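What follows is a set of structures for review.
What follows is a pair of complexes built around chain A, which joins chain B in one and chain C in the other.
Moving on to the complex of A and B:
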């Protein structure tokens, strides 16, 4: 650095710099929810004026077009205004303007009070909890919607809602569960656990991490707010098929744009995970020593980064067709209707694995540590994840066997679909082999993990049925499909999320949950889940179509039974919420390592120190060497507290 | 610079995180940019897929592309292609200059790159106004505006990044030791450039 060019890449304020105080000024213009609120309004107004000005300039009639103004003002600029308002962009704007950036004082790190969870926080542990609380809030909303339309379906005919509202409830339920619960809940658990497991102080890009969390509530509110739109919520299903979606009322736009925000959120998180896993592993943490949760998130993130742009594309096309009068999927204009399904499923089939692979990782952690045995076939477990990743991109058209696509595509897609059973089967057999002759501890996370393995096998088997062209042609668009996806996504993904939340609850909160309530929660969920969804196989094969508000009298009793069971399933969630809230407030203080697990996150205090480790640990072996004499996963420098204690003992 | 810029270690006075272990030779920011570009390529992929469906798979696809009586301005867009390709070279020149510490060359290269990018974008706007069809004129127009518009949006993002480099450059930032802030927008700009060649070849020439 020469004297003529004194500035390095990043200039810094002197150490005594403090941003200007003054309480009123700060409340309104300092980063936070208040500035977020008025900047949301400002963003909307700017968008509205922009649209009006351009339409006036081009002389388009009518000047006021609600859908365009909603898209530009309400769904693009208002969210950007909100993000800027809460302070997501502050550091970058400082950088861009060429002004000196503030030195990192770690004030955006860690949480001292509950208010810190409502700020742009750069601590991966805080972000993980932000993710989980947000996603469980949307899980509650989505679940209430499900109970509402189950009440409607308890009897044939219409009782409570009209048909468009029914379709809206079903579509928003599915959309929330997929984009606002399963995918981000896994991202939340991984956000908390992965940097700790790697021996890293944080994620690679903490500010990007904070931004990707805050995109999520935006997407969720957009989906829920579609009920307020004239004409009701989007009712074309979570698949939003064109041309059905193009004739839907205004609510459909909320889906088109909400998916973009949720998608951007998951792409940024996935990118962050990949960079963290590649560049920030502790010394000695080779790829073949990484815990399987890290492996699972590595493969999932690759899927997210590569596949998610396709759903963004598909929703852009539908929105352009609706707003800009293009004809991507309009046959009269020369568009190709089936193209939507190809592009959509090219994302949405890999998305099934995005919703499953992190769960495989969680279950591997839980089963290994709760049966006190090394995971069986560790390398094959990791490689089978990669196998699913590659195969996952080659099966999308099995969702389209009855859609009228090219006939020659059917058999290749059937073969690749059935091939996926091989890596998945490897995983299931490895879990069983891990349990074999293990010292099994039937704690709540273990119960959920075992529940997952059994339920996922049922869901996987019905998946093999549906992967075969002849059966699929008969069962397509019936309740058999509904049963299948709920065995995979509820019995599969949601059970693993529960397992993960119970497993890491002591680490996250520093307190122990109530084991009794947890076991009640498991058994109630497990039984009512089966009572709800198993009969759907039967009514489906008998010919009851999915996505209908009315059905044949013959299915009446069956549906009444399903509806009652689904209310029990909903009630079981109350046990979980009660357990979490009371244990978080006044549960018994948790030890650092209540499960005696080997992975790194259990070697630090509960909750972990603000920067995870005082010194980066040295990894010396695999993560699952339970019962292997002399085996160690990592060597940690004792924390300051431990050193002090040791000194006191010696003195 | 002040003392607090130094990382604070030491067991007694521990204020910041321990420095993370660098487990790969790849720089984290460069890797992040490359992954982001991978994701962008897939986004373009979905638009190319729509193009493929409309023009190739669709049984009712027109024999002539674009269908009568419309024409794509192949020549104007060709000149525009030349401008954008040239700007990639000036970008590279700017980066090499700052690596050698030649400030004047760096700033000149950045400004030239920015101006060429701006010329490209403005030419595209003029092209849109005079192309003779609109988004509502059929599927060929949908994929034309879709692909060129998506690319135009990327040029806009690229220009914003270049502007950021220029502002900081004129304020005396960047040096032979610290030029990541130039290199990453540069990688993005090259991506935008290469992607345009693919878009031009597919939409205009094929």
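Moving on to the complex of A and C:
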């Protein structure tokens, strides 16, 4: 629970904490963005001096090595300085050094003004919103980059940028969308919803939760800042294959290190979710009574914890090859080029499920409550998540069918890849069976959920083409792949993020969004999404490779069409932003439970009280018992009475 | 209920036919110029018909459900409490399993046939470097060309290498593709079945000139090929 129980010998300030110094002193030396700023600079300078001193000591020439100084000063010590400055470590440092810690009066909880969102805050609901706003900001940047290179691609040949910038735009676009949008946006939605759904007052480790969030902007700024590096942004794709990445300009290091910060954030969040889900369920909340969103995040967190260290390793190896002149992936030095791909995809294939399973959870919530029916085959829905988890670790080499890896590995990897269609199919069929004979409320989240189901089927089916080795040999590394990943990650993940944001918007903000604008947003997104990405299957199969700024004239008209559609897709996002901002400011006040959903987050006020539940909920049944006479998911009355009532329900 | 099923099937058929028309009326694949690509196209159509049916089923149920059971916002009734149906769940586990395993078997057979070396294969070495392809015919003479020329009807065995970063060799009309990786040798087999001019493209991002790393490929008659070899030797 949130309240830690300090041992008696730990000193504490009195309950109402008053910092001992004046306000100017506090601005500069108290936790906050000002101290964060100067400690960032201080961190960088310490790193720079450290590198210079060591190089001088050993007599290395030249004394000034920009790349080493950037890595040590700019990408390790400056971020640590920033985190320390804003106060992420204050409690722990005080505790370790035996100084008085801040009392657990939960002064870090809740947000009274917008300024509270720019502080280290330990309230999972505040952190959830911090995550979402940050990730949508990076979504905007990544989307603008996409529109920029779509403008370049509207005609064959180079028009606006040089080829390093083009490769940089493509690489940073993908990196931001994956590491700074889809993965953390899901983490944000889950941060908000999961503790509420479990009947818990917060996450298991609120301070760790705050730290995980603040690592994200560091990673994001690193990726974006790579454009300022001499030589331009990293241009080896988000996959950063060695040895190409090893010969890239300085910008590549920003990728190698940015991934570490984003990865650390993911791992910490995942551990937090696992401990929260295992230990902080309300009384009566057995695993088989958990909402599917919780199941989905449980599975995703297992994937994150097991897989993410692999991408961290792969990027460290590349950076060591670049900075320290090791030869992990340098063939002349005995390195093994394909080794990079094996390690990279051992994370990055499970990462596809990290980017999809939380969406499955969101869609299960939305479809069930908007169809007013129990989710079809609840247990199989949960088990199929675990099936995907296990199979997801055995398919990484399907990204390498044409990479020149051991031939015998291709058929087994093809079989496991194709088998993933089975648990995925179970989920799709169960969702549409949930619709069957329901009472369907076609609200905006439901539209996005249904859009997701149909678009994800297309992405899944093109995945079956790619799972078959011979077809993959023809289609690999072409625009067919670009079409496939966008059907999975946009038609799949992004649609579910939209569904989730609309669904929990009233709970998060206490206000309703505009349904009319939401529907316009859906239809515009849905149509322009298909117009943008469906033709890519065609140009890809016909012979257009991916990641090219120039292409055969024959694909000119099709690419122009795709580019125009992509601008419409970009414009549709404006509707969403406008809807969110205006509704947040002055939308109609939301009821506690506008969807009449059964899960716990809807049983408290909108937005929820500062500690979520004024009384500990007593869970007495499944989360989706729509239409079952007398069925209840939980009873929210003071504990003793709840138990009595629970006994009556069981009797 | 029977009327409902008929309507559902009708929607499914309409969607299925529409999607099938999209699959058939557009020329999605480049015209095959090799025996290997013919076999790949066979699996492609297998996967396509499977996909058309699955998409039609899912889309039909979604469209039908929304059309039939949509309620106004103020409706506050609940749906029937259906929790599952064991028979259905077994069916939609088993049927996709059978389909994907069938696809897997067909794919494995094609993969192994496409990797069979025939007697009398023509040895071709493809060298990738930033940003051009070079071809050598080690059995036929000590020369290099920037243009790939192959005799029709004779299997070519490509051995690939790279001197710098990873490249990927692809002739869209020949179907086969393989990375050229520094430090290791990779190989593919291609048997051209008709003459013509095609494009060689690099499909693995290899740096600044990746987009322009293209070459010409010509499939010619055996007589023309021999003549071309003679010209190269001199």
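In this section, the second predicted complex is superposed on the first by the 622 of 651 C-alpha atoms of A that agree within 3 Å, B and C clash if a C-alpha of one lies under 4 Å from a C-alpha of the other, contacts with A are read in each partner's own complex, and residues count from 1 in each chain.
Definition applied: a contact is a pair of C-beta atoms (placed from the backbone, for glycine too) under 8 Å apart; a residue touches a chain by one contact, two chains touch by 3 or more.
The structure presented is a predicted model; accordingly, all values stated were derived computationally and were not measured.
On the superposed chain A, the positions of chain B and chain C stay apart, so the two partners fit side by side. Contact with chain B, but none with chain C, is seen for A:310 once the two complexes are overlaid on the shared chain. Shared-chain residue A:613: touches chain B; no touch with chain C.
Contact with chain B, but none with chain C, is seen for A:200 once the two complexes are overlaid on the shared chain. By the touch criterion stated above, A:343 is placed in contact with chain B alone, chain C being left untouched. By the document's definition of touching, neither partner reaches A:46: not chain B, not chain C.
In the superposed model, A:331 lies in contact with both chain B and chain C.
Once the two complexes are overlaid on the shared chain, A:558 sits clear of chain B and of chain C alike. Once the two complexes are overlaid on the shared chain, A:469 sits against chain C while remaining clear of chain B. Between chain B and chain C, the smallest C-alpha to C-alpha distance in the superposed model amounts to 8 Å. Overlap of the chain B and chain C interfaces on chain A: residues 331, 335-336, 338. For chain A in complex with chain B, the touching residues are 1, 5-12, 14-15, 95-98, 103-104, 106, 199-202, 204-205, 267, 271-272, 274-275, 278-283, 285, 305-310, 312-314, 316-317, 320-321, 324-328, 330-331, 333-336, 338-339, 342-343, 346, 611-616, 640, 643.
Residues 26-30, 37, 39-40, 43-44, 47, 50-51, 54-55, 58-59, 61-62, 65-66, 69-71, 73, 75-85, 88-89, 92-93, 96-97, 100-101, 103-104, 106-108, 110-111, 114-115, 160, 164-166, 168, 170, 172-173, 175-179, 181-184, 186, 199, 201-212 of chain C touch chain A in their complex. Residues of chain B that touch chain A in their complex: 1-5, 11, 14-24, 26-28, 31-32, 35-36, 38-40, 42-43, 45-47, 49-50, 53-54, 57-58, 60-62, 67, 103, 135-143, 145-146, 164, 167-168, 170-175, 177-181.
Contact residues of chain A toward chain C in the complex are 163-164, 167, 235-237, 241, 243-244, 247, 331, 335-338, 371-374, 376-378, 380, 402-404, 407, 410-411, 414-415, 418-419, 421-422, 425-426, 428-430, 432-433, 435-443, 450, 453-454, 457-458, 461, 464-465, 467-471, 473-474, 476-478, 537-538, 541-543, 545-552, 596, 625-628, 631.
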